[in-house]
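Before anything else, here is the set of structures, which you'll find just below.
Each of the next two complexes has chain A plus one other chain: chain B in the first, chain C in the second.
On to the complex of A and B.
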């Protein structure tokens, strides 16, 4: 039984404890940032930022919505990135059978930048980032070291509002359904994002597109498509990124 | 807090006003969200839509500095719609008290004002008393001079139209908040108010909170579960440091600082020990002499004897009527009247208002010792922007301090929980705890005094001082012990026994306690209750979220204070679903009650507000220097030329240091048409000295910004991300424009008032992040506390011609 996160964004205060705890647990150096007119910083995920709280604000009719999206790898049940890596460097991306964690190993150093870019394009959520300095592909590893030591991921441990939840998949699905029912009482369009396909399930109260460009799943689940179809679809976010 | 963090979950309505709780007290939102999940309505009234607003049911934008107008309108609504809790108001507040004939209120001024001294004669506000000095009461609340009727008259002027036009809040929004909050006046409902510096840092700061208390008393929300006035105290151990008298005007445990008017202990006690003939009033502060003598015994040990007032004679006495608060301390320094000093864990060159003046003042010192973890704008003021180190005469000595995780000690949280923290790692390098620094320095000073004598050696040489700094010893001494064998309250104690609680402290020198409030935290050797992490509770306590065996809470482990007001005259809880205490089979169950006496309506019963002389919650508060009822005054720097409520534009008692650098904008000054409010940010701690040196936090909030509305930005041709210059009459600051729909222009008295907001944590010692926002803010102080008016001043803003303060 894989482990699953339930990220209830309706309880997120964007304190960024998760973002900082992730860096600190990993021992990552800080990234030089600048204020550019938003609280979101660093601007994007990166080799030293596996977790990033995204901020989006909207003036709705008679009210303001400030949406927070603590983004991280979704640890797909059928990870497209793994399928891609298996073809070129087997073992570069593995899925831990005990937890379902999708893990990028040191073998990603054997990927060429071009191959890595192709793998990146296969992620429907635009998560993996190329570490230029080390020449490897990076992203959240579910704190596999902590899990194996009987602890919860750092981002979950630090969350004080009940936004970040972690546990057995069944339990998290159950919690997700319960929370969703509650949230839907006030915001009927609330939903769980792709609960059947991923092990990091977000609960959102507004249209998913409003949170972040890639909060919307831009490809269909890998198992429903042929490899060609998948590649064609998966390239889309990259193209749109390049404009 | 009258409550504790967990109790927030018990509220039916939560009014977050004067605080940005989610950002500055993230843990509080664990409990706010629990309340919300259980059906509570969570409201945020604040100039800015913040991360707090994002998680509330709704946000109401309010022009900074108009909280009294907003809350005054709520008082009017509660009285007009009869939403108050009648039994509570009559029995537990001073609503029925008659006020003396000298009291009046005319056009913004209360009786007794002297414009020459800018002070009131508070005697004019006294209650009408009987022959024994007990206030007369009219429990029908119909006498025109009873507090209830005066309150009604006072706030009758706070009409919806006027409040809306003053605050910039729409009438619809006002009514929405009033209606939801006033519904907690039902006996079995509770509303909580969460506030912080957004209420205190105004020239009417104390009165903001007074008015919140008035509302809570009217609605019967004090003492009950899910109610209370909740000052969200901060990470810097704000609760503990005020309890232990970090402020100049009191001694540890909230005793007034001695003045020359009280040259002896006897005179001090006479002036500071309240008396009341009414046997139903516990008048707890009548015990003050016991607490003060125990404190003096703690300081001076065996040298403290009746003949020297237990050492009172050696205490410094301040001049009566003179304010020694930091605003004035730095003013004296600016005038060259202070030659040297110590600054510990404080960065005034960054976080005091009118920072240019502060920075200049530090250069007037001959010597300065700073205890700090990092280099800050204060430790390094001598090489700051525009300062030539060669021309600074001040000798600065930096003592490297260790971090919290590097030392043992206690911290007191907002809920008054006194908690031990254990050292995690050894201090790095030569850094030491500040306790170590003080102990060692004073040892040396005492050596010098012994060798060389001095003008007045007694207070130094008679101190009961320490061989070395020992957190455990200080915790024991704070609790207190017996100095000799003694019998108190029928119990025998041996010399050296720990005091079980403050009810055993004496005024004859038999006990030591460095702070009576904390007496009971360490009641026996080996029993440091601050170390407890035990979750055991009764089912009644479990319902409340009350953990009596987790750490220890002052006073006497009482988790919700004034809890005698949560029950009726017979001791029956007003809210049967969430009883805090209840009188069952001749005894109290639940929380530790506010005193052991039976319910008020029974033989031997007492009034619930035990810290008030008359035992009643104060709707009418004659103790504050600027009026017994809160009244709306504009911030000292205001965009309005006249106060919509009276001819008195600003607080008539406001404190203003006068120097050539203390410039203030005129009311409605056309040069500075925009209101500036300042604040903290989740990622940085206070002035940022610590957190700018924590790379991951600086990465998340890297540079100074200014939040402004889309409308203002459009008017000024400013785009999101542009570097802009903000200018007040005192200085200029550059910041990155954050143009956001979260800021709103206000329609006030028929005109549009723009408000911008800036954090104050970015300073020049961290290259490229910007420099002190407080170069803009004024030295204007609340008359009761001297807290500066950081939350509202006047500025202008335009696109920066040349970026000089920020890395781009």
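On to the complex of A and C.
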């Protein structure tokens, strides 16, 4: 049974505890921040930032609404990145059957920067980042070391508002439905983002497009597929049959 | 076979992982290679208190071989229940930061650089400056001739890292000096 996050953005105060807890647990160094007119800092995900709270401001009905989106890898049930990596370096991206965690192993070092860029383009949420220094592809690994020791991920443990929830998929889906019913009473536009496709489910109260460019699952790849990818895709059903 | 509960769960998880992958006809080696040990495994847990605000959240410090290696919220603390804010979560980074000031720094009047000094130098200097200022500016009476017994040229800004008892002692000292302007940060 896969594990699932329910990220209830209606409870997020953007304290950024999760962002810091992630860096702390991973032991990542500080990165340069940049003032871009928002508290969102560093401005984007990176090899040392697997988690980032995105900030957006909108004027709605004569008041300013501040929308927070604690972004991370969605740990897709059928990860596009894994399918892409399996064609070039098998084992570079694996999916842990016990937890559903999509993990980038050290084998991603065998990818060329071009191959990594192709894999990045297969992510519907624009999550993976290339680590130039180590020459590997990186992203959130669901704190697999903590999960294997019976602990919850660092970002969930640290959350003081109940925004970050983690548990069995059934329990999280039920919690999501309950919270959604409650939130919809005040904000009818509220919805769960792609609950059938991912193991990191967001509950948002406004139109998902307002939160972040890639909050929504993009149905089209970010760019046109290469010939190799098209062939790989065409061959996939055959390969599945052969086992 | 001597095995801890945590180790047993880990083995169980690894076993399940291997079974599942083998079923899918996949190479299990990469998954095994990725299974790393917990960085806090076997470390001593020391409960301490966050110095930043008046919530005073408990933080568990993980110590191994006398080295502080990691920190996390304390689930047994009733206020935070193991949660922390961004500042509390950054405890270990703060401890090991190269920007952390470990020795008193002194900048002489008119100087443009800081120099390291020992504690006796800075404490003596502070005491002398306080005494000079108080001796010079102590007011017995105000403009209307009312007895005030105060010093208006000293301001003390407290710290949230002082506990209640330290605040009481600090308060008594300042009152005795006649200081009327002082504040404390632990109200955030």
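FYI, the second predicted complex is superposed on the first by the 219 of 243 C-alpha atoms of A that agree within 3 Å, B and C clash if a C-alpha of one lies under 4 Å from a C-alpha of the other, contacts with A are read in each partner's own complex, and residues count from 1 in each chain.
Basically, a contact is a pair of C-beta atoms (placed from the backbone, for glycine too) under 8 Å apart; a residue touches a chain by one contact, two chains touch by 3 or more.
Being a predicted model, the structure only gives us computed values, none of them experimental.
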| item | value |
| --- | --- |
| Clash or fit, chain B versus chain C on superposed chain A | clash |
| Touching partner for A:59 - first (chain B), second (chain C), both, neither | first |
| First (chain B), second (chain C), both or neither touched by A:5 | neither |
| Partner chain in contact with A:50 - chain B first, chain C second, else both or neither | neither |
| Which superposed partner A:125 touches (first chain B, second chain C, both, neither) | neither |
| Which of chain B and chain C A:41 touches, first, second, both or neither | first |
| First, second, both or neither for A:214, with chain B first and chain C second | neither |
| Which superposed partner A:148 touches (first chain B, second chain C, both, neither) | second |
| Contacts of A:202 with chain B and chain C, given as first, second, both or neither | neither |
| Partner chain in contact with A:160 - chain B first, chain C second, else both or neither | both |
| Intersection of chain A interface sets (partners chain B, chain C) | 15-17, 19-20, 23-24, 30, 160 |
| Sites on chain A touched by chain C in the complex | 15-17, 19-21, 23-25, 27, 30, 90-92, 94, 96-98, 103, 105-107, 144-151, 154, 157-160, 243 |
| Interface residues, chain B side, partner chain A - complex | 22-23, 26-27, 29-30, 33, 37, 49, 51-55, 58-59, 682-683, 695-705, 720-722, 736-742, 806-808 |
| Residue ranges of chain C in contact with chain A within the complex | 6, 9-10, 13-14, 16-17, 20-21, 24-27, 29-31, 33-39, 41, 70-73, 80, 82-86, 88-93 |
| Chain B partner contacts - residues on chain A that touch it in the complex | 10-17, 19-20, 23-24, 29-39, 41-42, 57-59, 63-68, 160-162, 182 |
